[in-house]
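Chain nomenclature is as follows: A, B and C, assigned in order of appearance, with residue numbering initiated at 1 for each chain independently.
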Amino acid sequence: MTMIPQMPKSWRLESKPHKFCPGCGHGLVLKALGEAIDELGIQDKVVFGADIGCSLLAWDFFNVDTVQTHHGRTTPVVTGVKRANPDVICIAYMGDGGGYAIGSQHLVNAAARNERITAILVNNCNYAMTGGQMAPTTLPGMKTETTPYGRDVRESGYPTQGPEMVAAITREGSYVARGTVANLKQLKGFLKKALQNQMDGNGFSFVEALSTCPTNWRTNAKDTWAFVEKEMTKFFNVGELKNPAAKEGE
Amino acid sequence: MAEKPIQGEKRVFMTGNEVVAWAALAAKAEIMYGYPITPQNEIMHYWTRLAPKFGKRFLQTEDELSAGFTTLGGVLAGRKAFTATAGPGNTLMQEPMSMAEMMRIPSVVIIQQRGGPSTATVIYSQQEVTMTTYGGNGEGLRVVYSTANHQELFDYTIKAFNTAWKYRFPTFVLGDGYQAKMRESLTIYDPEEKGLEFVPTETFLGKAPVNGVKQPVHLRNTYNTEEELYEVITRYMEEYLKVAPEIIEHREFSCEDADIVVVSHGVVSRAAKVAVQELREEGLKIGYFRPVTLRPFPAEELKKVAARAKTLLLVESAFGQMAKLVKDAIFGSTVALENLFKPGVGITSEEIVVRVKEIEKGALAK
Amino acid sequence: MFGVVPVSERIVEAYIGEYASGKSEIAVNRAVDLKKEGRYVTLVDLDLVEPFYTLRPIKRQLTETGIYVVAWETSETMGLGEAGSLIKPEMRWVLRRPGDIILDIGYGVEGAKVLNLIEGAADNKNLQVFVVLNIGRPMTDNVKDIVEYVKELGIVHGLINNSHLGDDTSVDFVQQGAKVITEAALVLGLPVIATYIDRKFEFEINSKMDIKGNPIRLLDRYMTNTFW
């Protein structure tokens, strides 16, 4: 008897096993996203944009139309698609740099215009693909290749709290949440709601996912989970910030 | 905290990116602004490690647009400021560098070319020549040095600061991914101990009052009428052309009696040098010409060479970006032009030798 | 498998050090030397910043000598535009392999912490971590800086003198490195495992020990066939 792996239907078999590092949170986020796409039955309507960085490795991950963009430009490309063809379900997938550094102006403006897209940001506190430089979400004191002595908040500020910023900008109809790979069931729930929000034509949907990067954190399995579950949550609260469906008494 | 990063001179073994960081220290650069992009990240990694030891500053910005504009800010504040980037980051850098051209801001930028366009590869190419020499929405009033080895990366990064502050045109050191990551020995030194004088900086913004009187400045990059703009640009261009002979650098050998002259720049010129030497040993009349400044281009020098040669063989890891500069420089010349274009790929001396012999054969057949 | 020694006797060595200090060249040479002694050896490329540019280009050449090389294959890198930090799953479990294991650990601010990514590294009784030093590298060219640098790395068992200036190397320079590094080793309370020198200097140096009595090991250049 052949064992069929429990993979989401929307996953592309030919690109598995995937290229993410062992222990990387991307694999988990994309699994939750794949299941969300399956359960909502939207596989044929999805356009998936990947950013530069580790998110780039998701470019052949799904059996959906995917486009590689430039660093930080996933949001505008996907916005352009949605504006031209409102029938597709547009997903902008990026890392902390693509959303909060080089892509921040696009994120802020897409939120302000209430673009009917779903942006998913994977937060692992560093620029992993390029070798572990500081990211907007790097924690205070954390050593990275551009903060070799530890991040000094007096010099570079505190870690960016993206969902809070987006929630402050958007008006009615937007869905904003922060999930974590430490609670995949909850994360999948958030992703489903974020996609449903787009399908309902309500407004901008944004989900940040706290994620792991043992490669650049140089942590073993135990310490990796401790970091995402205990350290990162000191600066990033997990939960829903805005949910239009909830207002309707759902 | 050590007084000077480099005392006297010493022979060391380094990668190109590190050389840039050390050269900037040697040049007394005070602040670096930057954003991560392969293959120049180690410039930042080393600068941030060394900075606290020598009282230097650093800011990782949100992107390359910001890295460029913050660098302009640092320069306007009267500091020796610099940044570095590559590929798509260089594309973004054109906006701030346009401002530098218009406002004559002495910025220094190191570019480590990678494959293009778009993300392409993170490895190597010579495909950012057009962009670095003429990018932005202006006339390309810039200085661009194309280095070929680590000693030059060191020497020209130091020189870039002097060139920028003396002539007040944005100055670039154009390297590439191979130079960035290759390991080579070189001699690092304290420029002042070698008798090199640093051109002093000037504070444009935030200058302290003099004798209790503050004279505010109003810096602009917009103009109201076409005539105004025409006058400004014409004046800049005249100045640029006037100082160009002082800035232009090139290397050449064996061109006096050469039938074919191999023209190349940057790291490819190393292969060209070996190829030309080999061919000469075989008795073939081949010459070597290498522009070191791509902008301003050594036009007069190349025209002289083109006048005597039968053919110029243009060799680059791009599809004719250096060739365009060559054609512009020698317009009117009747010399034949041949190419060896390999965008994004390194070129070996063997390949150049084969190509030269092909051309020779073709010439004989005629 | 031929040449597999009992677990208790196996050699497990991790080579760490400054960027471009020569870790990969030393690791490759060590693997080749052990193979020549008839031992079963695995060589692991743990360069996490430039994973496709260190051992991958010479993987085939090494594999043909009988060394098992854990590094990416060129064909596996298709479609990866930004080639950056990527650890191959096989690398995490490499200590489960039989025989000798040589680990080439790439650079990074966290020094030896990369070993956290290898299952079982923390408890491995045979694991020796060696710091490769080249006094031709400005940040490790004097006793004070070397001591400061090594202290930051975490658990280290020995120093290796790989002082050289690329094509400009001289025997004098290597011996100078031996002096500086041996002095630093004394301060740190660590042994100097060996001084590596290019095989082309074998007759010039004419000794099995360097000027400070450390063993000399001859080095063949493999890394010139790789990217950088």
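We adopt the following convention: a residue touches a chain if its C-beta (ideal position, glycine included) is under 8 Å from a C-beta of that chain, and two chains touch if they have at least 3 such contacts.
What you see is a predicted model; the values in this text were computed from it and never measured.
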Looking at Cα centroids only, farthest away from chain B lies chain A
More C-beta contacts across A-B or across A-C? A-C
If I average the C-alpha coordinates per chain and also across every protein chain shown, which chain's average lies closest to the global one? B
Whole-Å gap separating chain A and chain C, where each centre is the average of the chain's CA atoms: 37
Based only on mean CA positions, could you tell me how far chain A sits from chain B in angstrom? 38
Which chain A residues reach two or more other chains? 52, 68, 130-131, 145, 148
I need the residues of chain B touching at least two other chains; which ones are they? 38, 45, 49, 119
Chain C residues touching 2+ other chains are 81-82, 84
For a test of understanding, state which residues of chain B touch chain A in their complex under the given definition. 34-38, 41, 44-45, 48-49, 52, 58-60, 62-64, 88, 118-119
Sites on chain B touched by chain C in the complex: 6, 10-15, 18, 22, 38, 42, 45, 49-50, 119-123, 178, 181-185, 188
Touching residues of chain C toward chain B in the complex: what are they? 19-20, 50, 53, 81-84, 134, 136-139, 141, 164-168, 227-228
Residue ranges of chain C touching chain A (in the complex, touch as defined): 48-49, 76, 79-82, 84-87, 89, 92, 108-110, 113-114, 116-117, 119, 122
Using the touch definition up top, name the residues of chain A that touch chain B in the complex. 52, 68, 70-72, 97, 101-102, 104, 127, 130-131, 133-134, 136, 145-149, 156
